[in-house]
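Just so it is clear, A, B, C and D label the chains in written order, and each chain counts residues from 1 on its own.
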Amino acid sequence: MDLWLKEMQLEDAGIAMTYKVKETLVRKKTQFQDLAIVDTEVFGRMLVLDGIVQTTIKDEFVYHEMISHIPLFTHPNPKKVLVVGGGDGGAIREILRHPSVEKAVLCEIDGDVVEECKKYLPEISCALDDPRCEVFIGDGIKYVKEHKNEFDVIIVDSTDPFSIAEGLFGGNFYKDIYESLTEDGIFIAQTETPFYLPETVKKVFSDAKAIFPVTKMFMAAIPTYPGGYWSFTVGSKKYDPSQVDITKIPEMDTKYYTPEIHKACFVLPKYVQDVISE
Amino acid sequence: MDLWLKEMQLEDAGIAMTYKVKETLVRKKTQFQDLAIVDTEVFGRMLVLDGIVQTTIKDEFVYHEMISHIPLFTHPNPKKVLVVGGGDGGAIREILRHPSVEKAVLCEIDGDVVEECKKYLPEISCALDDPRCEVFIGDGIKYVKEHKNEFDVIIVDSTDPFSIAEGLFGGNFYKDIYESLTEDGIFIAQTETPFYLPETVKKVFSDAKAIFPVTKMFMAAIPTYPGGYWSFTVGSKKYDPSQVDITKIPEMDTKYYTPEIHKACFVLPKYVQDVISE
Amino acid sequence: MDLWLKEMQLEDAGIAMTYKVKETLVRKKTQFQDLAIVDTEVFGRMLVLDGIVQTTIKDEFVYHEMISHIPLFTHPNPKKVLVVGGGDGGAIREILRHPSVEKAVLCEIDGDVVEECKKYLPEISCALDDPRCEVFIGDGIKYVKEHKNEFDVIIVDSTDPFSIAEGLFGGNFYKDIYESLTEDGIFIAQTETPFYLPETVKKVFSDAKAIFPVTKMFMAAIPTYPGGYWSFTVGSKKYDPSQVDITKIPEMDTKYYTPEIHKACFVLPKYVQDVISE
Amino acid sequence: MDLWLKEMQLEDAGIAMTYKVKETLVRKKTQFQDLAIVDTEVFGRMLVLDGIVQTTIKDEFVYHEMISHIPLFTHPNPKKVLVVGGGDGGAIREILRHPSVEKAVLCEIDGDVVEECKKYLPEISCALDDPRCEVFIGDGIKYVKEHKNEFDVIIVDSTDPFSIAEGLFGGNFYKDIYESLTEDGIFIAQTETPFYLPETVKKVFSDAKAIFPVTKMFMAAIPTYPGGYWSFTVGSKKYDPSQVDITKIPEMDTKYYTPEIHKACFVLPKYVQDVISE
């Protein structure tokens, strides 16, 4: 049977990626969104929320390594880390590879995402049962407001801003994050595609820049994300993520991240620089 | 009318990109391949050969800047440049922005590609009529064999190796290129996607490495190419493209390339390193 | 190049037919609609208006024979025939095969349809230059209002009611048609798919029935129309199209219509009967 | 999530129907074929074998009524009926509505079809548990050979001849069927689309005609079958199915079949006549 998942790469627009589906493992309306985990021929199992591919067995390593190791190898001694969103557990898995981390909190609004990823994507969600991990099902905005001066690193691993995650983009939320961070804390968020959505990227970066002393953008190449090239924004109170002394980064077995990539990823193509420069 | 171009991203496999088409400007069987230029909603006009997207108005800048400026800013004084393939003229356009270049030869096997791109993609093909450009319609393999010790830079801007371009990949051709280069000459080729085709990339890189004293790979993010992240291989007799003194690179108005990108693009993600390391 | 025409079979709904396209012969915005003629692999050239397939070289015979020969072999001596819509000329071609016909008027609102069909679909439009045919470019509703008691047969060969053809469906128009017909005149219209659009079919049939002494529906199997099975409604002042003496129908070289089909096509499946019965 | 079932309407050819899928209820490799039951937006649940839509909740009534009631209302007193194939049970359901029937045997080669249809398509398979029904899982060719002079009606309700059902089309099998029928027995088979596959239809009809004294073809309009218009061939030892006295057909609550349709369906469009005439 020829079954294809069709993902519009731009809302209502003339470009779509299609994936041949081997099996639908779960498909349900949760309290917040349409959730599906399908097994595809080329990318293996993938988590699909409201029709948008979130993560896949075959290429998840890029996203999860980069959103985790960049801040955690920037901060000299990260002990307490918060992930807002990220219910698949991939960021938690990478975070807990850092021995300094004593506690990693996952604050995911949709408990079904956590539950189904534990069941069907164990390669990604495997660390959610680690004793150092605390899974909290609830609103990230509220959680951040209620935890002041607590986290060394906060990772916003959300869906697109055209979704329930809308409130996780923009200045109001970033202010709360700033206050939830310790005095040398670091914030990172996935911030969409500068190729297709320059206005979105521009606004998000500028909002972060208005709040954090150090604000930097880096890029990573993720095959299943629109355009294949994704931006991440780092807001930092003290440490510059693009200026780490990479000779001090300990060895880690990774598939995308390397200490050299840590520096090179902050070198932006001219059109991306133009998007975020005033 | 809802007309979609469907491009399989892997031969016979379960992933396809689809583009909504506004207009088919030309579609013909040439002596060598199916040629089409279509106007799409998201990427504007695009050249499609044997069903594969070659270049588009909206994202061609990445490919053409990177395949040209990396070798031409590596070589201290490139005077004579050869492009094998590249009938759209995009590489020639970028090459001729370098004032040292006295002559740029385009050797394209399919005259129809040149003719139709001149007609329908003038933004890309505009420099083909420059007096410093010589367009030669013929077999690149033969041309290279017949021009020894002549070019400072040779750019292989070909279609995929699963096409008429098959002979433009591999050791035999690279030997001829070596001899066609001057004593400090530089060769560059597009060398496919390490994510989807690791074996192809591995072999091509290894073939180049067996011939050139300096062989390096870099990556560039091209939205319309499978995986969105493309490899290029540089083979050089003398200069290391990854070690140029970027403080000496003159300013140029570009959209992707920058001197900093020139260095950063050679920093490879771990899985790409793994593909090309023995 | 893999180019596909995608036709939604129901507005905004989950079923689409896709046709592989060999060539786009014409595509333009006319004053009234998007007009395209494309050449497809399976159905040859087809006329597509606002994204909906109207007629194709391979299966047009069903529609044009049935919409023409049913009324013209029902009326004992049709001399003057009007086609409202039908700019492709297929109905005119069939009408003019009846020797009694002295004049066939085509009243098509969109002159571009006539012009392009003459150019690219000569097999269908061939009779538009016949001296007995008069082509009038203008509004069918107005034309009918202005020609009272004139036509023996009026054929409404329109696009769907969700288009510029909306006014060609319903009681107001049928009243005008009634008055434009001679005292024993016959009206016929294509009236959509009872399988997918029972409410539409029910209303149109009931509107016709309120005006004509004899109102009958017949079906024909048309591969490129949604559901493959299409309804036609005949409103007649005097003759019952389902009760013709078929022994008197002269021989004609046809591909779908036969005298026996003339009777059998009025025998409706139970669910179609149910749609049009009170 | 935008999940589409794509069904090629002709093998390797340029026409495909696509259905939006709500849910995949079952998908498995059986011993014989790929089996899936999916729930679609427009046609509800459908059985899909080797990628080809077999039957759907919304339009199954056409096929099952016509393949059953035509032979059973032709035979004056059908007591024992065999269905070869038809594992969904739809034909059995219609057969058992005839009070004369004492026993209806279903001989289906693929037990999984029966099992899954019982589970997921109860509206169709509901009569498989009727005490008058005997389900035999095994090869229809062998079964027919081993049951001589036994059945009043044999219904071949198979997949396409380009599948495991190949042996259920053609003279050899029809000879065995002839012998398995009682002296006034009737055989019927679905025999594909004369529009797309005229050669296939021609051969099958001619094979039947070589064996049965009375051989007739009728058509039915089935939206989900290629072309929307399907042929059935009846081979009969004695009774002509097109000449039944329809005044004697008792009333039955149906959605497609009526006594008048029983006669009208045998009136073939000219191009279909041409396909089966020598």
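The definition used in the following text is that a residue touches a chain if its C-beta (ideal position, glycine included) is under 8 Å from a C-beta of that chain, and two chains touch if they have at least 3 such contacts.
All values derive from a computational prediction rather than experimental measurement.
Novice: Using C-alpha centres only, name the chain that sits farthest from chain B.
Specialist: Centre of mass proxy via C-alpha means gives D as farthest from chain B.
Novice: Let me have the rounded angstrom distance from the C-alpha centre of chain A over to the C-alpha centre of chain D, please.
Specialist: One centre to the other, that is 53 Å.
Novice: Between chain A and chain B, what is the gap in Å from one C-alpha centre to the other?
Specialist: About 33 Å, centre to centre.
Novice: State, to the nearest whole Å, the distance from the C-alpha centre of chain B to the C-alpha centre of chain D.
Specialist: Computed value for the inter-centroid distance: 57 Å.
Novice: Would you please write down the residue numbers of chain C that are in contact with two or more other chains?
Specialist: Residues 4 of chain C touch two or more partner chains.
Novice: How are the chains arranged in terms of who touches whom: line, ring, star, complete or other?
Specialist: Ring.
Novice: Going by the touch rule stated at the top, which chains touch which?
Specialist: Applying the touch criterion to every chain pair yields A-B, A-D, B-C, C-D.
Novice: In the complex formed with chain C, which residues of chain D make contact?
Specialist: 4, 9-10, 13-20, 40-43, 59, 61-62, 195-196, 219, 221-223, 225, 227-229, 254-258, 260-261, 263-265, 267-271, 273
Novice: Show me the residue ranges of chain C that touch chain B in the complex, using the header's touch definition.
Specialist: 1-8, 21, 23-24, 27, 34, 36, 38, 48, 50-51
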